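We call the chains A, B, C and D, going by the order they appear; numbering starts again at 1 in every chain.
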Amino acid sequence: MILILKSNATDEQIEHVLERVEAMGLQHHLSRGTYRTIVGIIGDEEQLREEPLRAIPGVAKVVPVLPPYKLASRDAHPEPSVVDVSGVKIGGGYLGMIAGPCSVEDRDRMFRIAEAVCESGANLFRGGAYKPRTSPYSFQGLGEEGLKLLREVGDKFGLPIVTEVTDPRLVETVAQHADMLQVGARNMQNFALLTEVGRSDRPVLLKRGMSATVNDLLMCAEYILSQGNSQVVLCERGIKGFDSATRNLFDVAAVPLVHSLSHLPIIVDPSHATGRPDLIPSCALAGLAAGADGVHVEVHDCPEVAKSDGQQALLPSQYDELMSQMRQLAQALGKEISPLPEKQF
Amino acid sequence: MILILKSNATDEQIEHVLERVEAMGLQHHLSRGTYRTIVGIIGDEEQLREEPLRAIPGVAKVVPVLPPYKLASRDAHPEPSVVDVSGVKIGGGYLGMIAGPCSVEDRDRMFRIAEAVCESGANLFRGGAYKPRTSPYSFQGLGEEGLKLLREVGDKFGLPIVTEVTDPRLVETVAQHADMLQVGARNMQNFALLTEVGRSDRPVLLKRGMSATVNDLLMCAEYILSQGNSQVVLCERGIKGFDSATRNLFDVAAVPLVHSLSHLPIIVDPSHATGRPDLIPSCALAGLAAGADGVHVEVHDCPEVAKSDGQQALLPSQYDELMSQMRQLAQALGKEISPLPEKQF
Amino acid sequence: MILILKSNATDEQIEHVLERVEAMGLQHHLSRGTYRTIVGIIGDEEQLREEPLRAIPGVAKVVPVLPPYKLASRDAHPEPSVVDVSGVKIGGGYLGMIAGPCSVEDRDRMFRIAEAVCESGANLFRGGAYKPRTSPYSFQGLGEEGLKLLREVGDKFGLPIVTEVTDPRLVETVAQHADMLQVGARNMQNFALLTEVGRSDRPVLLKRGMSATVNDLLMCAEYILSQGNSQVVLCERGIKGFDSATRNLFDVAAVPLVHSLSHLPIIVDPSHATGRPDLIPSCALAGLAAGADGVHVEVHDCPEVAKSDGQQALLPSQYDELMSQMRQLAQALGKEISPLPEKQF
Amino acid sequence: MILILKSNATDEQIEHVLERVEAMGLQHHLSRGTYRTIVGIIGDEEQLREEPLRAIPGVAKVVPVLPPYKLASRDAHPEPSVVDVSGVKIGGGYLGMIAGPCSVEDRDRMFRIAEAVCESGANLFRGGAYKPRTSPYSFQGLGEEGLKLLREVGDKFGLPIVTEVTDPRLVETVAQHADMLQVGARNMQNFALLTEVGRSDRPVLLKRGMSATVNDLLMCAEYILSQGNSQVVLCERGIKGFDSATRNLFDVAAVPLVHSLSHLPIIVDPSHATGRPDLIPSCALAGLAAGADGVHVEVHDCPEVAKSDGQQALLPSQYDELMSQMRQLAQALGKEISPLPEKQF
């Protein structure tokens, strides 16, 4: 931690700063420059992070030296982590290909879509049973009934299931039915929820919040890891931008940035990132080329009657074409779409 | 709702669009322009909002005509709402002046700060017992013990208490001790939490999320209102911006914008909006001049030892000076700082 | 300047860094922490700013200690500057009230609007003769004819004239007719233009670019100041934001932030900041309350036929009402609307 | 164009709106909905764009139906354009690979870098002779001397030269020496400059402004096209974002978005988009996978002594490795790196 003092900091203020550092049991290193005085603090930065150093009179700026996360850091774990979702691997060269409708809807439709994406090569099936909708008047999901349907579909096709959990009180229920728990963008900093999924033994798909920096995202992963659950996959799904031509702004550079800072896998979700079926394939390929460990795509067989987000779903035929492009690209990149543990049809 | 069709929409697609509209029991109004065909839909827009109209083949764009919120809308309630927090009024010309430390800390400090801000004229006392911290290793608050201490302080000075609730499971407990429930920026779209505070009989302070539009904020208020709780005060506390000179970007125009769209009161929080004590007074005054129904300021008597956010707290003496400027401005604006129900010292 | 080295920086890399610093004739101060090594550089930071220090192997981060501007800095000039525009003062307690139409239009209209805003108390008249339009097919302004008309209006009412210059080749011509040169937001970083207005003897109104930080804005002021022109007034006119409810995002905190960093006056332009007549008055008042040295408002007597930006213009009657509110607020703030040098009607 | 009227629009206001439309010689189509009245305007939208329709009393919102650009639109030119830069093709399956230092520096260095990137397979050489620097005290480029040096280098290696022009007065001079004129991000809306390069017969590389939407970018291309120069290549180089971990925010979705709206080629510049050598390769590959028509990379043989932007330059060896990855990806995508007209060594 480095403290840059104000240009008009008095000797008494400097003295007080040094005393505060000593009172924390740490060493300091004073450096008087031409214009400013700087205090380097030597010792456990973690301890300092809790202290409101910038509130000490005379301090202009506090410059941390270390990232604030530990378990999520690549320093702590130099090799890329491989997350195992009921036999499907994500990370370390293995790609997780998640597909399915936004919401769980009727039984026949679920089986139809699952069969299609399975044939196209998806290795994880998604669908929302609990939907965080921006309007209280919108369809809120089928709840536990939806979870059971997902489980049935998963068992039929041998596809592990990923579904969102929106409430700490529901983590246990969702974990009984699903193979992977999704924490959505709006709940990325719902720390009560992060703590509960951190106590679960299910892998977690943590989506980046719309105004979250990559550092914020890694801190939220740290919440989950710090509870003992090390199976975390991150997801870039678009952040808030100023161009309304797309639903969100796809920050593809977050992929190599996460890989440089952390050992955790990161996948991309071009469906939410763009909100436009015509842009999804290009962005999916861009994500893979940037090093993503998987791609999450919403697929619906009749978008115009979908109960949510129909306007951004790909048709099964479009997904099939995209999967064949992605398979080819994966090969060129030396990566493998993780095989299903045992395919049953 | 207006549907703008694609320039190359076929007659069959147009026919299909009209059939879909009729199938919903609604009327349409077709208008063929020089370059584009437009379909106006006549009837209950609410019903349409649920339909993925943009997913119908041939549709280029969907333009809603009405705002998606109803109970929060000024159309539904032309007069400004006045929210009553245990006798302190906010809105309709009454200003709520919230002050206190970021976190509830030790007993003596709480009483000291409360006494100071009460003397300066604050009419609501704040303090966090449950803290949504970005690091799992940071101080997480004193919990229920903190709530009890807040209650004691409130009773002593006759100051209603506002404190944050971060978990739907805690709403009942917090409501037992506090006069007003705060939903923080990170939880603005935590719909499970919104639903629970909507079922409570306590007034709610709903802070705007860092990437939320004013429309998003009003939709979240709608969640609370739709559960039967009509006592909602909004809070502009800074949104995500690109200039790191301030912690967040204070969107003062949100104040008149909310007033034009909704009857709900809105206050400003320059402490979180700027994160800099030197900018807080100017922004507090700006907020009032823009029409805000109150000001939320963090105050600490020794910021350099505060357990959270010390670097953005005002000293009691700074708050006192600011309150005297705000009192003068309020008078010039024809507003009144809501008096305490009965002051006890 | 502080260099934070990479955690895995080798001794050879550290040695090379120190040699590079010495080669620049500067002293260094090495500090080996628990996790990272830090090099403080003592001496003229200006000289260092030019050096690509982050490109030296082993360097992770470069932390500057001083702001990159000098002439614009409050350190260099602790008292607030007062800019004199042909007798009208802006800054140091004097308010510049700029009003007029977006574009210079026909003669009668110009005189009508000028008379109205002059009676309401405006002390500077604006109008665009050269318009930077986003479409090549839009009205581009009347050019020199417009300048002459502005001059005539200014002479008639004793109102100094401010108008935009968009091309370095036109600075001399515009300076012949106008009292103050405006550099628009889109040209804030048009360095060729900044250099030319810096060589002019006319005061300059420099508008903040839509994606400019306050630091960027001050650097552009520095360009002008460094050419010898010290008469610079800054203008906050809204930056790019994600909420399309307003045209731009009014960053009112930029006002006290500029005042803390620089001696230059700063005014606000709520017309461009919001793009909505219904929000302009609240934001104008907010700007003044935040400490702005003036307010820039677009006024048109028949917005629906305006040649540009009609949708954001106030009517003369609306401006009159706003001016009376602003006059009252100015008084409460202890400020004075700068009187006209000699009023002629 | 569609006008959505205010919910409380009076019959007189509606009548007035219709009269205004008729006065423009256009037809209208009135549609009274349950809550709102809508007026469709039939006829030349271009003509309407100039009219401040939103300023007509009773009008709540104006919804354009057509994009505001014509020459840049894919409607006007369904096939992708191929821009020819002295024999090197960009667009329509041909990739332009631009490489070189940020600034033109000394002669030996220029030849060294050019030789290296040429061997790696670059087909255009870049270097700044006129530098738009954010500080007036920074190196501003070698000017015409730099242009001559670039020409010499270009002739030696048979590499067409692209260099930035920052001032309308310099367009002719730059065009004498360079094969392609670059308009930088800060000058994207410098309309005087756009007009001059539009009158030149050199192809133009137009970089996206930091706060420009894709629509804004296409409007600036339209400025150039409307002057008669149809040889425009767009460049996504990162926009303003809130995460300071990268210099800018690489908006890779702009690539397919431009391709869906326009026939113009678009390349990506991961050097400016990320500002970090460690992220450049991943983002370069992402850009290509998203469909970019080329990649612009800054290369320097000794970044730590570069006169500008050294911290974001790749070493020639890093560029060589990246080029080999890009070549492989291009092949997988069915694209070709445009060959040099005649290679001379």
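Here, contacts are C-beta pairs under 8 Å (C-beta built on N, C-alpha and C of every residue); 3 or more make two chains touch, one makes a residue touch a chain.
Quick caveat: nothing in here was measured; it's all calculated off a predicted structure.
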item: Between the pairs C-D and A-C, the one where more C-beta pairs touch; value: C-D
item: Distance from the mean Cα position of chain C to that of chain B, given in whole angstrom; value: 31
item: Gap in Å, rounded to a whole number, between the CA centres of chain D and chain C; value: 26
item: Rounded Å distance between chain A and chain C, as computed from the means of their C-alpha atoms; value: 40
item: Per-residue overlap in chain D, given as positions that touch at least 2 other chains; value: 211, 239-242, 244
item: Touch-based graph of the chains, sorted into line, ring, star, complete or other; value: complete
item: List of chain A residues in touch with chain B within their complex; value: 20, 46, 49-50, 52-57, 68-69, 132-139, 166-169, 186-187, 189-192, 209-211, 216, 219, 222-223, 226-227, 239-240, 303-311, 313
item: Touching residues (chain side chain A, partner chain D) in the complex; value: 211, 213-215, 239, 241-246, 249-253, 255-257, 260, 273-274, 278-279, 282-283, 285-291, 328-329, 332
item: Complex contacts: residues of chain D adjacent to chain B; value: 2, 4, 7, 29, 31, 33-36, 38, 40-45, 63, 65-66, 75, 240-242, 244
